[in-house]
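In the two complexes that follow, chain A is the common piece, with chain B as its partner first and chain C second.
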Partner chain A sequence: MSYYFAIIGTQDNPLFEYDFGTSKQGGDGIARFTEQARQLNQFIIHSSLDIVEEVQWTNGQMYLKLIDRFFTSYISCFLTASNIKFLLLHQPPSSSSSSGLPASSGASTLTSSSSTTLGQHPPTSTSTSSLSVIPSLSTLTGGGNSSTTTLVGGGTSRTSTSIAANPTSPQTEEAIRNFFTEVYENYVKAIMSPFYKTNMEIRSPVFRARVAAAGRKYL
Partner chain B sequence: MSNHLPASGGNGSHGVRAGDSGLRYPSNGKTIYHRPLNRTKTAELSKAAFAYLFAEMVSYAQRRVTGIQELEKRLNLQGHPIGLKLLDLLLFREPPRTQLRPLNIIALLHFIKINIWTHLFGRQADRLEKSSNPDTPDEFMIIDNEPLVNAYISVPKEMSQLNCAAFAAGIIEGVCDGAGFPARVTAHTVGDTAGANNGSGGGGTGTGAAAADGEMWPGRTVFLVKFQPEVLEREALIGNKS
Partner chain C sequence: MSASKASRLGEETRIEKVNAELVVLTYGTIVAQICKDFEKDYSQVNKQLDKMGYNIGLRLIEDYLAKSNTMRRCSNFRETAEMIAKVGFKIFLNVTPTITNWTSDSKQFSLVFDENPLADFVELPDDGRAQDELWFSNILCGVLRGALEMVQMQVETHFISDVLRGNDTTEMRVTLVRYIDDELPPEDD
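Then we have the complex of A and B:
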């Protein structure tokens, strides 16, 4: 499971971004996005801002849950009172995600859905070691032969973590809620600085460390 | 768990320095992120200190201004960022059950009347009114009988138009803007022309009483909240849906 987290200001301007991988059940906390996917993520997040605007006036909750989906990328949203959006893109590791072409991504969606049924096996002891090797392999090969990498990645990832396995489950929802709540607390602290003005980029290394810690703790 | 600073700085005796940015941390290593957001019940600011600082703010704003309007605008601008930040802070302090973003004008004004006022002045605002004049459905009034900000401000006769509660109006404006309800907020002493016009516009029971109490509360201030047209448009749309 790879995550891309962004804070978007009121003018749809990015204030903060951070990508990380899962730390649950042997994950090493490193995002498995390919170079292309990294750039694509920003577009996906940006396009889901439209959905946020649709949802935000129908629901007074801050946590808007899963709001958008782009092939195998799922976007969860948290909206603060002053209209700052926290967007978390999460991607189960089965996806090839690199090319973003409808054909290959469609295929990867298929494999992910079919492997969900296989995914009930408990993680084996060897899975941790194989985990760290194979996904990095698939990142290396990237979009070249996406069909094979999808299969390999999907096979190992199913056993990696329950949160990663199904992005729409209540457990995932709850984990993301906890993550957002902790980031929100730190965001409020950040804006309490008298020198901070709305829509300023958040550069504080302490803030970044805190977001990273929240990611390690919950996701 | 997360209470660590970046590993670049080492010596704790004087300020820790982060490698490349030249950023300095306090010598005890505690940044704004290490302090709790929930204040203790008794953590109130002394009124004298506030009065002193506010008097300084007014005289600072008064420098290099040409008229009363400009002075009020400056006071308004000083309050605006406070409102933006208070909105997030006070909603954060709400218990999770009621941690809802205000979605309509009434919810927003209630939040201002109750939460913002209690936080700033230790009590709720005295009254909330909607303009009953059909020409101005976008105007709402928050009424404070005795604004704390004006307690130690004496306005000279030749500046009788001035109401230094423009600062509090700026805070309200910041809250409204932040919540996605862009508005213009102005402070009027009741009895002066603008306040009287808006107050007597409809002649509802509330406004009639407001005029009568005018003598009892000489400092009574009306915060006139005038929302932008798009806010009312959206309000109508949301109302139709639900």
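Then we have the complex of A and C:
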């Protein structure tokens, strides 16, 4: 499982980014993105900002849960009160990510797939419709997961409840919620520094270390 | 005066409380603004903070004397240090710095701050100079200088380490320069 975490400012400008891998089940906490995926991640996150804007008015929650999906990349979102967006892209283990990512197909696949992802959300999305996306995603991943496990075989230690294997499970949702909550607390402390100005890039090494710690703890 | 009596003095007085974050953010904003105004000339910023503190200290001593009920002159500089740390800082910042590193002539000591309420949340700008040049809490130096001057003590104060800069402790050095002699009012004739 690889993660890419980004904080996006009010002008859709990036304030902070950090990628890491899972630390659960013997993971070493290093992201397993390919060089290509690394660059793609920023585009995926950016494209999901549209969905954030749709979903954010449908409920009063700060944690918007899973909002978008691009092949095997899942995007969860957390909004702060000042409309700063925390976006976490998570990608199930590499066996599926390498096959799922369009390694050769390039831009045409990119645009067509992103339009289908957008198509899942009607423009006038209510809370029920945004919820309905999640079961449909889970059926998709359910299929994807079974094929993955048959491919990998019984040798893997991952159980069906593991966060890594099920990007849409309630356990994952809860783990990401905990992660976001902890990052949010530290984010508030970071921006309370008098030398920080709104929408400025967060350069604090202390904050980065704390995000890393939160990632190790929950994901 | 014994140490326990001194610490009780700081406790006893009923002081109006102010939200710490309000103070922290206000002070932080002032420092950040001064840094901006002086275009990151940090030695100038230190000087300005010290000057602001000095002007505060000149008045604050009156407040201190009223609140602490110590209408008695300290007999020596060691006692003064004790009162500064255990009564003064207790009243105004609700912290009690440790007094250490006395020189043998009892004219120089260090105040070591275990916690610095002014510096909560603060991270110095990472422009490569602030870490070496800015004394974020330099206003405290000015306050001490101003306050002690009003009670006939000329002192020199400066920070020698700060946790914000990555040091282990926050330490302020206070040096007694001289006791200012009482000046007689000009004679009538």
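In this section, the second predicted complex is superposed on the first by the 151 of 219 C-alpha atoms of A that agree within 3 Å, B and C clash if a C-alpha of one lies under 4 Å from a C-alpha of the other, contacts with A are read in each partner's own complex, and residues count from 1 in each chain.
Here is the rule we go by: a residue touches a chain if its C-beta (ideal position, glycine included) is under 8 Å from a C-beta of that chain, and two chains touch if they have at least 3 such contacts.
Please read all numbers here as calculations on a predicted model, not as lab measurements.
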item	value
Partners on chain A (chain B, chain C) - clash or fit	clash
First (chain B), second (chain C), both or neither touched by A:Ile7	neither
Chain B versus chain C as contact partner of A:Ala214, first or second or both or neither	first
Partner chain in contact with A:Val206 - chain B first, chain C second, else both or neither	both
First, second, both or neither for A:Gly60, with chain B first and chain C second	first
Contacts of A:Leu89 with chain B and chain C, given as first, second, both or neither	neither
Chain B versus chain C as contact partner of A:Thr80, first or second or both or neither	first
Partner chain(s) touched by A:Met192 [first = chain B, second = chain C, both, neither]	both
Which of chain B and chain C A:Leu40 touches, first, second, both or neither	neither
Dominant contact partner of chain A by residue count, chain C or chain B	B
Superposition clash, chain B against chain C - the stretch among 22-30, 58-66 or 202-210 that is involved	22-30
Footprint overlap on chain A, where chain B in one structure and chain C in the other make contact	189-190, 192-193, 203-204, 206
For the chain A and chain B complex, residues of the former touching the latter	56-58, 60-62, 79-84, 184-193, 197-198, 203-207, 209-210, 213-214, 217
Footprint of chain A on chain C - complex, ascending	21, 24-25, 27-29, 31-32, 35, 120-126
Chain A residues within the chain C interface of the complex	189-190, 192-196, 203-204, 206
Complex interface listing, chain B residues touching chain A	1-2, 4-6, 18, 21, 23, 31-33, 35, 37, 81, 84-85, 87-89, 91-92, 99-103, 107, 178-180, 234, 238, 241
